[in-house]
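For reference, the structure is listed below as structure tokens.
We just call them A, B, C and D in the order they show up, numbering each chain from 1.
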Amino acid sequence: MDLRFDEADEAFRREVACWLATALTGEFAELVDAGGPGREHEHLQARKAWERRLGRDGWIGLGWPEADGGRGLSWERQVIFHEECARAGAPGRVGHIGEQLLGPTLLMFGTAEQKARFLPGILDGTRLWCQGYSEPGAGSDLAAVRTRAELRGGEWHVDGQKVWTSLATEADWCFVLARTEPGSLRHRGLSCLLVPMDQPGVDVRPIVQLTGTSEFNEVFFDDARAARDDVVGAPGEGWKVAMGTLAVERGVSTFGQQMGFAREFERVLAAARATGAADDPVLAERLLDSWMQLQVLRYTAVMTLGAPAGSTPGTEANVAKLMWAPWHRRLGELAVDVLGAAGTVAAGPGVDELTPAQRLHLFTRADTIYGGSDEVQRTVIAQRMLGLPRGPA
Amino acid sequence: MDVGFDAAQRDLRRTVRDLLDREGGAGRGSPVWRRIRELGLLGITVGERHGGAGASSVELGIVLAELGRALTAVPFLQTTVAATVLDRSAAPVAAQVLPGLVAGDLVAGLATPGPASSLPVGTRSALTGVLDNVVDGPHLDLLLTPALVDGDTVLAAVRTDVAGVARTTLPTVDRSRPQARFVLDGAPAVVVGDAAAAARAVDLLLAAVAVESAGAARHCLDATVAHLRTREQFGRPLGTFQALQHRCADLAVLVESAWSTAWYATWAVDGDPATAAVSAPLAKAYCADAFRAVAGEMIQLHGGIGFTWEHPAHRYFKRATSTDLLFGGRAWVRSLVARRAGLRP
Amino acid sequence: MDLRFDEADEAFRREVACWLATALTGEFAELVDAGGPGREHEHLQARKAWERRLGRDGWIGLGWPEADGGRGLSWERQVIFHEECARAGAPGRVGHIGEQLLGPTLLMFGTAEQKARFLPGILDGTRLWCQGYSEPGAGSDLAAVRTRAELRGGEWHVDGQKVWTSLATEADWCFVLARTEPGSLRHRGLSCLLVPMDQPGVDVRPIVQLTGTSEFNEVFFDDARAARDDVVGAPGEGWKVAMGTLAVERGVSTFGQQMGFAREFERVLAAARATGAADDPVLAERLLDSWMQLQVLRYTAVMTLGAPAGSTPGTEANVAKLMWAPWHRRLGELAVDVLGAAGTVAAGPGVDELTPAQRLHLFTRADTIYGGSDEVQRTVIAQRMLGLPRGPA
Amino acid sequence: MDVGFDAAQRDLRRTVRDLLDREGGAGRGSPVWRRIRELGLLGITVGERHGGAGASSVELGIVLAELGRALTAVPFLQTTVAATVLDRSAAPVAAQVLPGLVAGDLVAGLATPGPASSLPVGTRSALTGVLDNVVDGPHLDLLLTPALVDGDTVLAAVRTDVAGVARTTLPTVDRSRPQARFVLDGAPAVVVGDAAAAARAVDLLLAAVAVESAGAARHCLDATVAHLRTREQFGRPLGTFQALQHRCADLAVLVESAWSTAWYATWAVDGDPATAAVSAPLAKAYCADAFRAVAGEMIQLHGGIGFTWEHPAHRYFKRATSTDLLFGGRAWVRSLVARRAGLRP
């Protein structure tokens, strides 16, 4: 057991840090700390340019096989890249859905032709993706998907509605889970289709959130089209593909996320010191709890990321989500609580004019809902990790 | 002992609920405020000699619980608390302003309570200091505040439209609870009560906030339970899932106990003022905690829809947060309880 | 609304307090604070004598109808009696199962003859009862009762096993929920039988608890006998009777219980002040929380006890249990935590030699289990009070 | 980075688990202690020059986690922590006692850490003070303690069977963790390390307690899950009830994270000692909390049977409590974290 990065890894860390120090300047200087959950609406054009810059300099697909255009780097180096980006305040990615969800899905299930067509646009940061899984009636219960697609005249005709689709306004393509066998039930008869967003049958409507801003969207498909071959995996195997996508969600990016959490914590601590709240024993104890839990998040990520497969198969991500989401939500509560009455005063009169502390407080309510709610995580952990038996029906 | 609400009290609740279901708007120009004025609710606790109904804090609480339930954004709580306080005052100014308060022509309120170090100081006729985060501040014609005069605490009244008073409206996250900051610079003031009156005024304010919050918290639970009864996932209503049932049960315990605590304190401010010194701050602290917890769970148990601007859950969540952070805040209110209960020096 | 006791009630309070000050002397002086949950094994003979003293002076059955030998007093006066007993440290009752469970059950469901035979022994404190409901396989799930009784030769023959039976070693009689219709399922075919304990077919075995002491017992029935007429309600209606018994559990005695809690809290606070723990901000906050919650328990009892029937029918007791049991358990944790390392040192080398703080810490783990576990209370509240629908099966 | 356990480490775990499943008893005369001595586990971290195996803190942690799981009541943790500390010491006494510690002829341990105000004081050869609640105190031949000598903190060793040392055995609620009080009255002492060595000794002790507790907490969860899988109520296994599933999931998160935290700290005391100054007290605080929570739920989720003396749940519950209250207690250990992390002055 050796839980340190080795010297060569540390050299790579310095390389990443140097690159970031150089790159996050000029046109990109304004992007420090921009974007990301709760701030997804910020500086979109500049962040798209940043995505192309990342691609140009070879920072996308670090862990992908070299044969597929990636760099085949170890998980340690991927962790380091994410950590350094977060430490430098690099902006929230707009290409992460392509790089971290669709790309790995294509690497697992895609044909050679699909990989050749779709991976380069992800790797060079020019083609953005969004994910069309959740529906109004299929949130926690993804198998209740009702969007349907029919193969007619050599192409798929897609009808239905998706919801909670991040960055749909910016995306060029969407990977859509749709029911392709009429009358099929639950997990059967679904397919994963690749659908271009720029067509008459696709309508994106932003959802105004409790923050007054929008980053989630509704996406309506009204006879939208997808090419016959743009289905990932065999038609009817969409559930398997979707589960594969969800399994790769999170992983090495966890460490970058934690570095971002640490920056947020430091801001809350600084505010608490400025207001004197850090001297209030109850708030001081909550700050200490928060800081300790953040270290525990990191220790747990270190100990489980590289653990030999098979110990607790596939549920590490569920455990991690059920740790960080409630932690982050509590940090949001702490962020306004250390401000006291001042925490109730907004940054301005507009509905979306919130202070960073307020934005954290409000937006983190979503953390325990999206990406598998706390409740879904608990059921998965109980049944798949602990082996508790399913109840009736 | 007589624990329940009587028929007249139940009628009052029905009347107010019907009114709030029908009329909307926010602030002094709204239809709902006009109806509240017409019904004479603003004078509910004021003696008949000033044109009020002469009812007790329990009747006031009934209206407040309904306003909390509906989250109606009018300066009722502040005005009626101020009117109740002034009704007990022998100061001539009380008799002058009470008819206006009862009629709704004037709006008054208390400055946000807090530690003595934050009080304005001065003479019995002029005060200097900053009163921050005053709830309903943008609406107020008259401001009541504890103040330090020659080393003694008094309860003072300050008109807001005079030289020496500068008002700044503050933008708020909880848009149902506007705020202003008042900078008093030798502001003309009159003393309307002594230190005991100032303490009783704060107790009344805290009890009023508690019962308003208890009403709001109860609504959060009701709305969440209604959602779980109908919303289906995995082929059956969410409310059939035992894990959610048990969480709702814990919320129900929180809401029931907050409700009882708020009513105990609301009764006590008139019925047993000596015990209100503990029960009122205790009720405010407990109900704010309960309200924050149940409003947070309201978002969680509604899932994604509870996170949208369109759904009312966020308004309750923001109100719960402001309830906890305002009116002295959590630590100060709890320290009141601890000291008055003899737990701390 | 008027939440004070009136002047006549306060006069009654003084009468009770005077009686207690006189009575709790001499042979009964040693009983102050003795008995009750966690200390049920203490001074049993003297407490039985105390029970007879209560009966002699008319302090049993305060709320029972005068026609049945009670005093027909208001609930306020019953509350006052319980409060004053707790305030004076009057010992834990050994007759409460008869007075508070069986007696009310007979008043509801008993025949005139049963009332005439059984109530006087309860009222004069000479006949003690225990309750035979729970079984090893029927804890939370009472309808799974397997103890069976058969009417043969003019009497009931009872076979089976009960468990968690308080004071079974002291009781003269037991009211037993038994299956009297062979093959009947769940709630049907049960009867409530009155069984004398002093007979060859009844065997009581104390259960050693985690405190090293015993107050719960197993009771084995091996062809035990009950008279033909000693069934409460009609044969087969035992479920209705049992539910009636459980509904009367708690009520006015809640106030006495809370007064006892207040005495316990005061002892914890005194210990915290003696050790300096009261100056530790985290423990001070927990002490304040505990005290505040205790007031909330009382406010809630006041506001619900006299509330008009029909508002939240029958679930007040469930809410109260789900409030006090976890509160009391947390008080137990606080009791040892304020002592720090000293809280781990026992009163002596014997397994049952615990300090009062340790006894509180350990015994309160049972509070959230017996008398309907927290989990059962939550289900009842969710379904009966909130109207959430039952799940499948 | 290399996160997993290697084959030799996995073998070690299996060996220890088999041993503890087979052998029982408590204290120095027990069969299990004899087997531990025979296997050479007491010298696991001690250098080969003193007859030890020269392994790292990770191997020590593997044994401790198993001892925690089985709740075996032998003075292993104390003796091996003391031996590890002495193995790093250049003091001549270290070389004298280490062979006896490795062989199990001698038993040693650290005094319960805590605030500096509680340390014994004196010279480099004689100490005076009270060392209370010393874990395994009745078994100890040799006691290590931080002490104040001429205003400096040192790490000192005191033999327990000499004039100037009075030992009182204390009865304990957690019968798996005996305690004694030592009164030192000019007790003969030798200095075995400086202030840094004393601090490192405490870090090692806290990490060892953390990993032992993590092993125990994991067992509480495993046993509870096994019970829920088989125990039926309402016609089906309790483990099918969603409310219980969700509570077990929360416990699993607690246990997994405590496990990771304990291992991180256990690795760090040898692998990255500078970071152990934070991770060791943090792990002790976190694992004690987790262990108390899961042991409490172990009783609750077993229902009545979990409340009996006969069922092992209460032994874990009592161990969890003593883990939290001993070894400096909760507030002191957390204050170490806060100061070392720079969160508090």
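The rule is simple: a contact is a pair of C-beta atoms (placed from the backbone, for glycine too) under 8 Å apart; a residue touches a chain by one contact, two chains touch by 3 or more.
According to UniProt, the chain labels map to these proteins: A, C = Acyl-CoA dehydrogenase family protein; B, D = Acyl-CoA/acyl-ACP dehydrogenase.
Everything numeric in this text was worked out from a predicted model, so none of it was measured.
Visitor: Quick check for the class: compute each chain's Cα centroid; which one is farthest from the centroid of chain B?
Guide: Taking each chain's C-alpha mean as its centre, the farthest from chain B is D.
Visitor: Consider the two chain pairs A-B and A-D; indicate the one with the greater count of contacting C-beta pairs.
Guide: A-D
Visitor: Measuring centre to centre with CA averages, how many angstrom lie between chain C and chain D?
Guide: Centre-to-centre distance between chain C and chain D: 41 Å.
Visitor: Spell out, as numbers or ranges, the residues of chain B touching 2 or more other chains.
Guide: Expected reply: 236, 241-246.
Visitor: Could you check chain C for residues that touch two or more other chains and list them?
Guide: In chain C, residues 282, 284, 375, 378-379, 391-393 touch at least two other chains, as defined above.
Visitor: Which part of chain D faces chain B closely enough to touch in the complex?
Guide: By the definition above, chain D touches chain B via 241-243, 245-246.
Visitor: If we count contacts the way the header does, which residues on chain D are in touch with chain C in the complex?
Guide: Residues 112, 132-133, 170-175, 177, 179, 232-236, 243-244, 296, 299-300, 303-304, 306-310, 313-314, 317-318, 321-322, 325-326, 329-331 of chain D touch chain C in their complex.
Visitor: Would you pull the chain B residues touching chain C in the complex into a rising list?
Guide: By the definition above, chain B touches chain C via 1-6, 9, 58, 221, 225, 228-229, 236-237, 239-242, 244-246, 248-250, 252-253, 256-257, 259-261, 263-264, 267-268, 271-272, 278-279, 282, 285-286, 334, 337-338, 341, 343-344.
Visitor: Taking the touch rule as given, give the residues of chain A at its contact with chain B in the complex, in rising order.
Guide: Against chain B, chain A makes touches at 134, 137, 139-141, 144, 163-164, 207-210, 212, 216, 280, 282-283, 336-337, 339-349, 351, 353-354, 358, 361-362, 365-366, 368-370, 373-375, 378-379, 393.
Visitor: Which bits of chain A are touching chain D when the two form their complex?
Guide: Within the complex, chain A contacts chain D at residues 1-6, 9, 76, 269, 284, 287-288, 291-292, 295-297, 299-300, 302-308, 312, 319, 322-323, 375, 377-379, 381-383, 385-392.
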